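Structure below; questions to follow.
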Amino acid sequence: MNYGYFPGCSQTSSAKEYDLSLRKVFEKLGFGLEELCDWSCCGATSAHATNHKLSNALALRNIVLAGKQGIKNMVAPCAACYNRLITSQHEISMHPERKNETEELLSEKIPADVKVINVLELFFKIGLAKISENRKRDLNGIKAACYYGCLLVRPMNINNFDDAEQPTSMEMIAEAAGATTIDWNYKLECCGAAHSIVRKDIVLNLSKKIIDDAVLNGANVIITACPMCHTNLDMRQRAMKRKYPEHLMIPVLYITELVGLAMGMNVKDLGIDLHYVNFNYDEYIAEKLIA
Amino acid sequence: MEVLRKYASELLEKKAVAAVIGYVRVSDKRTRPAIITNPEDTSSLVFDNYCLNNLSVYLTKARIKALCRTSDKPMKLAITAKPCDVHSIVALIQENQIHRDDIHIISFNCGGVVKDFGLEFSKETLASKCIHCESQKPVYFDKLFGEEKKIPAAEDKQLQKINEIDSMSTEERFEFFKKEFDKCIKCYACRAVCPLCYCQRCITDKTIPCWIESSSHQRGNFSWNIVRAFHLSARCTGCGECERACPMDIPLGLINRTMAIEAKKSFSFVSGRSLEIPTLVGSFDVKDSDELFM
Amino acid sequence: MGAYVNKDAKKLQPSFVSANLLTDTLPENNHTPFQKNNSDIPEEIRNRTFQDVSLCYQCGKCSAGCPVRYYMDIAPNKIVRLIQLGFYDEALKSSTPWICAGCLTCSVRCPKEFNLAGFMDAVREIAVKKKVKVKEKDILKFHKAFLNQIKRYGRLYEIGLVGEYKMKTLDLLSDVETAPGLFLKGKLGLLPDKVKDRKSIKKIFKKTDKKKINKH
Amino acid sequence: MDKEKWEPKIAAFVCNWCTYTGADLAGTSRIKYPSNTKLIRVMCSGSVDPVFILKAFERGADGVLVSGCHPNDCHYNAGNFHARRRWDFFHKLLDFIGIEKERLQFSWISASEGKKFADVISKITKDIKSLGPFKAYKQMNSEFTVNFPEYNESSNSINKELQ
Amino acid sequence: MKIGVFICHCGENISRTVDCPKVAEVCRNFPGVEYSTNYKYMCSDPGQKLIKDAVLENKLDAIVVGSCSPHMHERTFRNAAISAGINPFLVEIANLREQCSWVHDDVEEATQKAIELVRMALEKVKRDKPLTKIKVNVTKRILVIGGGIAGIQAALDVANAGYEVILVEKEPSIGGHMSQLSETFPTLDCSQCILTPRMVEVYQHPKIKLFTYSEVVKVEGFIGNFKATIKKKARHIIDDRCSGCGLCMENCPIKKKAYNSFEENLAFRPAIYTPFPQAVPNIPVIDETICTHYKNGKCGMCVKVCDREAIDFDQEDTMFVADIGAIIVATGFKLYNIEKKSSGSIYKGYGEYGYGKYRDVIDGLQFERIASASGPTSGEIKRPSDGKVPKKIVFIQCVGSRDESKGISYCSKICCMYTAKHAMLYKHKVHDGEAYVFYMDIRAGGKMYEEFVRRAIEEDNVKYIRGRVSRIYEEKGKYIVKGEDTIAGMPVVVDADMVVLASAMIPHDNAPLLARTIGIPYDKYGFYNEAHPKLRPVESTTSGVFLAGACQSPRDIPDTVSMASAAASKAIILFSSDQLEREPVVAKVNEDICQGCFYCKKVCPFGAIEVKDIKDINGIVFKEVAYINQGVCKGCGTCTATCLSKSIELAGFNNEEIFAQIAAL
């Protein structure tokens, strides 16, 4: 079965490896990802922060395109895109006046049957058994702190696939891939995403707290499913090290990269070498392929 | 056919049943109902595509009493019933008119019946209830005859008509039904033939107070037809006998079916399909829709 | 806030008199009566969020859980309070809506199911529309730069964004540590990734720009 | 009929415990509403037979309202639940037969909802006014020639005779 | 039939907008009207005399009064009719005040409507049939459901008035939640010390029959004549042999398989147990689910040590049927649990507080047990996880309560007070400890209540922080409580050793089931509804069923006790007469035409309809028809509308009367 794919802007640049690993993993699992033709920005942060109508229109333009392309299930790997798309959809479904307004703006009818899902949901849709079946490598050296970030499982009344306060879906995926997971407290705390460029001080502090809690609870890898989280956690670690010399560098992987590793793919294939913090492969994985 | 006759005759001989209500052939394309008490008479029993009456209308309390309670040991009453007639029997059981133990259901795998006597059975002459029939096998029976058959596929004109009426404006609908009801001559054939119209004294026969004006005037006709349809909504099993019996060809089936569709849509309920599911009339769900209410 | 009564006042004022919540100085005979404010702001917030600010009962759970609370000048719940009471200027001038990262922690936990993150979006939008002097102007500049990129290419062109933002803020030297790395790793494309049907994007911008949101 | 001067005739079947009391409250609160509606008190909305409504139409009503206690508030625990199902069918049936939906309306009005009662009465009066007289049914009446002594004024002459 | 019409001016209330003389004048010409008049105050003594005189003078058979709502003065005019020798049910009221003069402005319009209203009443009264009130006997015995403080109080009050009481409690002992409490606000007296004597009094009272470990499974009948079926669950102990020595409990080898629910799961109990040492009756129960005997037939330790041979493994549930005249429902409450809820529940758990995964995040009742001298820690404040004394403790109010996103919008009323008490108890026991209370509002309305809270703050130095807590998580053995003080506008973080949640009071899970069994209405949470929140606060809408305590809404002990006494006095009033009179508005079946489809039986909300066999001369049943028990029927008329053959009529509102009104519209 094919799923629609809405990459989002980060996937084309700062989160290239996410895009790469996602495509590779799903190709290997036997599922096609059909990229949405001529997709545009979802309007995350800046648009909804300053212009509500614009943000709805930008997000729903993509839904219109998906409808035209005949996509029923569309994966949006970026948590911000995902949240933006489902929030806009929810708003127009609850408030028909908003729907009319936006349809007028776009001069198009907005289809109601395009379901936007995130990467975790996608893994659950294809079934976790599929991941364990395709396991080639032992990942039990990895003690993963699964970091959901703020937007992936919120808000509850729109998004019901996992608990908004104590989610477990990413842990289930990581465990299906053979990694050990830890229980920790900051899996839903915000990394400061939107302030990445303007208020680096905020981002640095928030990200530092997240990383520290992961380390405190015994993690040696942080797993994310959002390009913004990844950027902040991965890229900011050098600055952290400079500011707090005792800071422990900890690699940050995308969930797709983790699954890719378990399926026997290489660090380079998955784009893990593009990260700022080195993922020292030998340290975590016994190079023993499972038959 | 022979097996049916043999079975019926055995039942009567063994005194397992007091009588067999069945069809007997009148002519080539015509059968009539018969209540057979003598085993010898069973030789005229038939079952084919021309058995279009719903015999459950004969299952009245009075008849069961008269036929089955004569000897010391109460006997059963056997009835040959098409799968759709079994629905009527189920409804009657649920409404306490007969007891399951009192009757012996001889049913058949059905391949459809003609819409009226004298017609050649074919796709074109198929009764409208058969076109959308979903139960070619009976839901309850004591004896089953015949192989599974296919009902010829035909256009569901009744549904098309319902949709057509649905798309009319309110005034047009009113005019349509006014014209139809205007034809009514208050012969009450619809009532007589309906297995579920079992009341000894019908609401329309009540005069103090007068519920429904009984002259065949427009106003009385309107009330009669509305009340008839309402009393049968969520009860009617869709046997279509009323429409067939109506000498003025009022499309009673249209209304009955519309109400059945609504019952299915709003409450997922189809009358006469199961003895376990409680009837829609007389039950409620706190979660029923509140849409209608300000 | 209490009930300040000016005994010297010749005309008897209503006894419930406003104090400026942001300063703790209240010149005794310089008070303004607490009166009905006919602003369209509550209505506008309602139009945007489909919720009324009166829903909030000021429990403070939002502020308690806010990850960026420490960087705000006024607690998020107090912004709602200010709007409830009609102190719009104070609310719109605050840095709080701009610091809000939109992480939805408050919205998820709110006992009254008030969508505070959406409310903050609305406050920002109103502040821009009313041309309030924004405290966190760099954040606003960033948003504008971001939207300009989208307007131009339909997608985010990160180099363009950073470049434009830096030109706007004249903050040229920060991020020197990350950008070269990004280039080296081939993560930042040198050319923007464009949407083909940029006309439709422009149209969206034009239609939603009636209030001149992005220019001032 | 002169449209200007025509005033609709509306019958309301209301339950004794909630809506009738709510109507009393509207009075105690002096909330004004149009005078076209006349209340017929029944014990429970569950006891209203659909024939009552047909009768009302036959006797020249332009609209009918049935009102009872809110779900779960029924003085008799469940009467209104049964009513709800009954009206669901009857309303659909009338709609199919071609009687305007607004002619027959339903509401839940509790004993404390005097304002709501007035609002509902105003609304139904407005609705019926905009629909105009129930000509379709009235026409059938006018064509009706036989008078039944039962409800006719002439029946009272019998009473007179008895006295 | 001669009818009199009496139009009341109600001072000016009616006559201001309705031209009363004109109405009377017009009505005089209506067929059947013999006499018509108007008067300033029809309900006054002269007004009633006017009616009486007119009736006698004109030999009237029925009257129509155009006045205020029948809910106001129907009874007055009916009594007037009785005194004039007319059947009271041949009186009809046209509501000219609430539904005419008060709601219309235009005099002409209102007058016209008034005339029409009187005409409708006239048509109805012409068809009214004389009715007589129904009399029923009263069984002077009461059933009290629930053996908490409410049930105990109500049972004692009724019993002391000299009537028999059956008290049913589902737990093995009476006492309820109050027996779990350590001390009670605002006096800080020991809960068990004041409760235990009452429990014993119940046990020893000659008029009270106690059924513990029992449930009410069926209630039939009607006021004065209920029939209740009580299931006495198998205790596996022969009651009258057991001396309550406790040897069996001491010797039971199964010690740690089940939590003690009386101790709020903070301790274990053996397989044979009484919930607590002061249990009444002091007879243990065997928990079949963990007892070894029921697994493999072995053990039998308890049998060996019991020299009175009181243990009976083969005992089975027994059913009792009791005739009773009234019921007091006092089933109490339970606490909201923060655990994750199933998707169908109206409640949602608290994920932000860990869904109950932190062992030292406990609820109020657990703290009561910890603080109680008879509790698992013997009154020392200790953490459930490691037994350490918490040096920093956080109390959070309004957990569940006033939190619509978790499913509850109401205030649980008692949490402010018991949290202050908890904080105080903690400070009294851990002198160097710090106590923090996160609150939204302090609702301390009650005698000495506000003073009590202030004492906690001022004398015991409990820190009150105004704000809801956003999150609790564990870090390095401490519980990080993230809050905000909304008064200071400052974030507040406490690294607590223990957190106590003041969870909401909610009804028991099976409260709706019991409500349906008895036939009383309940709200969306499952709290039982009173007949009127202000004027009939302890009555349910089902006559003869009274309510008391926290099964209605959250209540503290003083309120519960006073309402229990109120409910008891209502029951005693009921028992003070031998017979009850009730309105004759009941349904009746025309057996000749009833077809016996029994749809009426299905719709009857009160189970008043039975199957009646009609027999022929030989005694053979030839027809089954519906029969309405006049005592049970409440006269809703749902059956009349459902009946297809129209064989049921509701007296006082029969179809003929309604048709006449429609015709007169």
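By written order: A, B, C, D and E. Residues from 1 in each chain.
Everything that follows uses one rule, which is that contacts are C-beta pairs under 8 Å (C-beta built on N, C-alpha and C of every residue); 3 or more make two chains touch, one makes a residue touch a chain.
Bear in mind that the values here come from a model prediction, so they are computed numbers and not experimental data.
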item: Partner chains that chain C and chain E have in common; value: A
item: Label of the chain whose CA centroid is most distant from the centroid of chain B; value: C
item: Pair joined by the larger number of C-beta contacts - B-D, D-E; value: D-E
item: Whole-Å gap separating chain A and chain E, where each centre is the average of the chain's CA atoms; value: 51
item: Whole-Å gap separating chain A and chain B, where each centre is the average of the chain's CA atoms; value: 61
item: Where chain C touches two or more other chains at once, by residue number; value: 105, 113
item: Per-residue multi-chain contacts in chain A, two or more chains; value: 164-165
item: Junction residues of chain E - those touching two or more other chains; value: 352, 603, 642, 655, 659-660
item: Pairs of chains satisfying the touch condition; value: A-C, A-E, B-D, B-E, C-E, D-E
item: Chain A residues within the chain E interface of the complex; value: 163-166, 185, 213, 216
item: Residue ranges of chain E in contact with chain B within the complex; value: 592-593, 595-599, 602-603, 620, 622-624, 642, 644-647, 655-656, 659-660
item: Chain C-facing residues of chain E, complex; value: 352, 398, 402-406, 440, 466-471, 482-486, 489, 491-492
item: Contact set on chain B toward chain E in their complex; value: 61, 65, 69, 95-97, 198-203, 206, 208-211, 231, 278-279, 281-283
item: Interface residues, chain C side, partner chain A - complex; value: 48, 50, 67-68, 71, 99, 101-105, 107-108, 113, 115, 121-122, 124-125, 128, 136, 138-144, 146-147, 150, 154-156, 158, 161-162, 165, 174-175, 177-178, 181-182, 185-189, 193, 195-197, 200-201, 204-205, 207-209, 213-214
